[in-house]
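In what follows, a single structure is set out as structure tokens and then discussed.
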């Protein structure tokens, strides 16, 4: 079986958690990759909603931006951005929302605003965008994040969104799920173990007693994934 | 010169007050007749907005209802009803709004809700519809109303809309305009005089010192008017 | 979402006592669905609609409604609704409670309902007697202090609209005057959409809105189901019928006879139209 | 409304110190108008936009802006905005004040502005650190008591958007991803729309919105005026340019040289594109 990258492992693992008919609020990058992979494999009826206003997009190539023309051309409906956030997200019609971030804490709270003090930042990040209300408005939040000490922190520099609805965090090391309100390592990818995860986590990471190993990407998954990447690769 | 009806006199008099480029919020019946007449005569660039959501409608025949298909087909834009009332009326983009009513008082307040007590009405009227916010949201309110004692009352049974923005009341007897906050007879139609108006008014009607006589409909106005009425006549 | 018969949809989704909205702004009025509510004898409904016209006159006259939430009730371009007036003025066939708004207030209540908010905000109701007679509150802008009106969101149990067409997956497309149909479906706990036809593919059209199948509970085929209202691109408004309704609805007996003949004793929208043709021929 | 040159429109309608919104959600970003603001040396602008990207990076780096009101600032799919970061992190070329919202908050502020309301309501900002860093208030539903967020309406001095086309009367038509363009125009005291072409007749299109001429102050012909963004049906997004901007904008000197060569020393959008072609050829 061919090799695969950490990104591919993350996309595959996230896509497996999407089921037929689920309505997903999708951002650019890995989330878009994961959701589109699900549509090409086990969940062709998975509905992709992009915050730019496209509902039911079926892109053939991965968009580089959430506003690419193909997302509108292949959509069931295109609505204004105010309508998207009011009628569709706040209206409670979205099952799954994907979020990324620069920092996450043990409760799934996320920071995509700033590293360092807000007024004198060391790094000014892009900002919250849709995250604060996606985190509140969808049923299940899926977080996708590289597993690094500087990202998995004991205290956020800034709380951009709240973790209440975070159901899973997929990293390049494994999978975390909330257990009694704290993110707990429940699975590791091929070649990693709980120590790998602990070493990459800035707090005392809880590990599930029945720690699983995730299924590596199948050839079919990798073929579908790589067929999608043409455009996304440009990023 | 041919004869004309009281309705035709009212429509013509109202249409003359519409100027090129004015944006008019139009209801069905006489207002629609007056606004469309203006478009066919001296103000072809007068913009007709119907509360059903059609902006810039150019109907060839008079609609029987504000939702007739022709209003959408000939419109520059069709918007949802919530958008019409929020972005267009409340947004302050309408110059002139036409209103009718069952009762009017000397301050231009209107009743289109009920005759008699609200809980035990003698006559249950259709209700306010767009009137309460049209009366607040447009620059100039034009009222069109048959001049009768039971309609021009000293006290309304119900205040459906406020008179603050009423600039003119066109009746089948003449024309009233607010002077120092009270509707005052400023003109009478051919064949009527101030006594006719006083007799048809339920309060002590003020009459302007320089009472004018309105210009009877011209042949051109009547031709244009009657060409429009085909469909409206059905009502 | 499933494509089902209208009678099944009404049977399964509408209960006595429900808050029900059959929306439409002159265009695409869901008459066929209203007739099915009458056939199945639904009772104690709270009916919501901005512009109740003939189909609400029929529902009220047949005793289906306990309460009406509305902003303008009449026979557009013709006159009053006699059954609505009879219910309000004389309590026939039963008392009808009214919750009365302005169009702007109803529109804001629909938008709030669709947006999952508990209330809508507008600059309205000011200095009118309506404010004292309806559910409206004053609210102050936390920044400017401006005093504005707040209306409670519409959240019906069932929202019912008519549309031009749907595809076999149940995605719905409507165009022309779109009114508050999208809001009525999105604001409701359950929704029924009757359509003129079911097609393989919803080819995009100017000014069309699409309601994805996953926000609709039942799509029902009901050709000419908006009559006497119209379906833009399918058939025109039957203005003659609205004029005729003035006479039909004026007397209780003639109204009841007409309803029996054309609604109660017909099985569906097809038989309804057949019965109308026979009456004209007779 | 009048069809005028973009330089005249900017000269007459945009003043130093104005609150200006160049809106667009990835699609139809009004780059040509942004470049003209830079050529004319506008200063102390408060810039509003949900998703500031390259054109705002350029305006900020050239010292046109005093304040930025936004919800997500980055180079979509590529990385950070180096000029925005430099201004915030090091005050170069000048300090930049930030008013930061969420997308949902910005969208509600735009809708409120278009509706002539002083504030918008949403279920948002709850339990985040954003609330303490921006203009947001809590408001209680007068019916349910639910605690919600209120954001002040956007009411810019000037709203600027790019559209596919306009007719000779100045009616504007745009389609594809429509973002908040309608709201940006309707919420602004003055508005400028740049278009790909002027046509005799706006033939209706699926998913198109029309802004009537009487809500637009100036319509300006600016072919390829959205580049490197795209105009649906006219040209694609120049993804390569967004990737290239990462390197161009990283250093102050290279950024300034690039801006001089392609914006400051070009007269209009035509010369801008000619200068880009020459660079590629060179």
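Chains here go by letter, A, B, C and D, matching the order in which they are written, and residues are numbered from 1 within each.
Criterion: a contact is a pair of C-beta atoms (placed from the backbone, for glycine too) under 8 Å apart; a residue touches a chain by one contact, two chains touch by 3 or more.
Since this is a predicted model, take the numbers as computed values, not measurements.
Path length between chain A and chain B in the chain contact graph, taken as the least number of steps between touching chains: 2. Chain B and chain C have Cα centroids lying 28 Å from one another. Inter-chain spacing, taken between the CA centroids of chain C and chain D, is 40 Å.
Annotation for chain B: residues touching 2 or more other chains are 86, 90. Chain D has residues 111, 116-117, 122-123, 182-183, 207 in contact with two or more other chains. Arrangement of the chains shown, judged by which pairs touch: an irregular graph that fits none of the line, ring, star or complete shapes. Working note: touching chain pairs come out as A-C, A-D, B-C, B-D, C-D. Considering their complex, residues 25-27, 50-51, 70-74, 76-78, 80-81, 84-85, 88-89, 100-105, 107-108, 110-111, 122-130, 133, 176-180, 182-183, 207, 230, 232, 236-237, 239-240, 242-243 of chain C touch chain B. Residues 111, 114-117, 171, 182-183, 186, 209-212, 214-215 of chain D touch chain B in their complex. Across the complex, chain C is touched by residues 116-119, 121-123, 135, 137-139, 141-144, 146, 148, 150, 152, 204-208 of chain D. Those residues of chain A that touch chain C in the complex are listed here as 21, 23, 47, 55-56, 76-77, 86-87, 90-93.
Those residues of chain A that touch chain D in the complex are listed here as 28-29, 51-54, 63-69, 71-72, 78, 80-82, 84-86, 89-90, 113, 118, 121-133, 136-137, 158-162, 231, 234-235.
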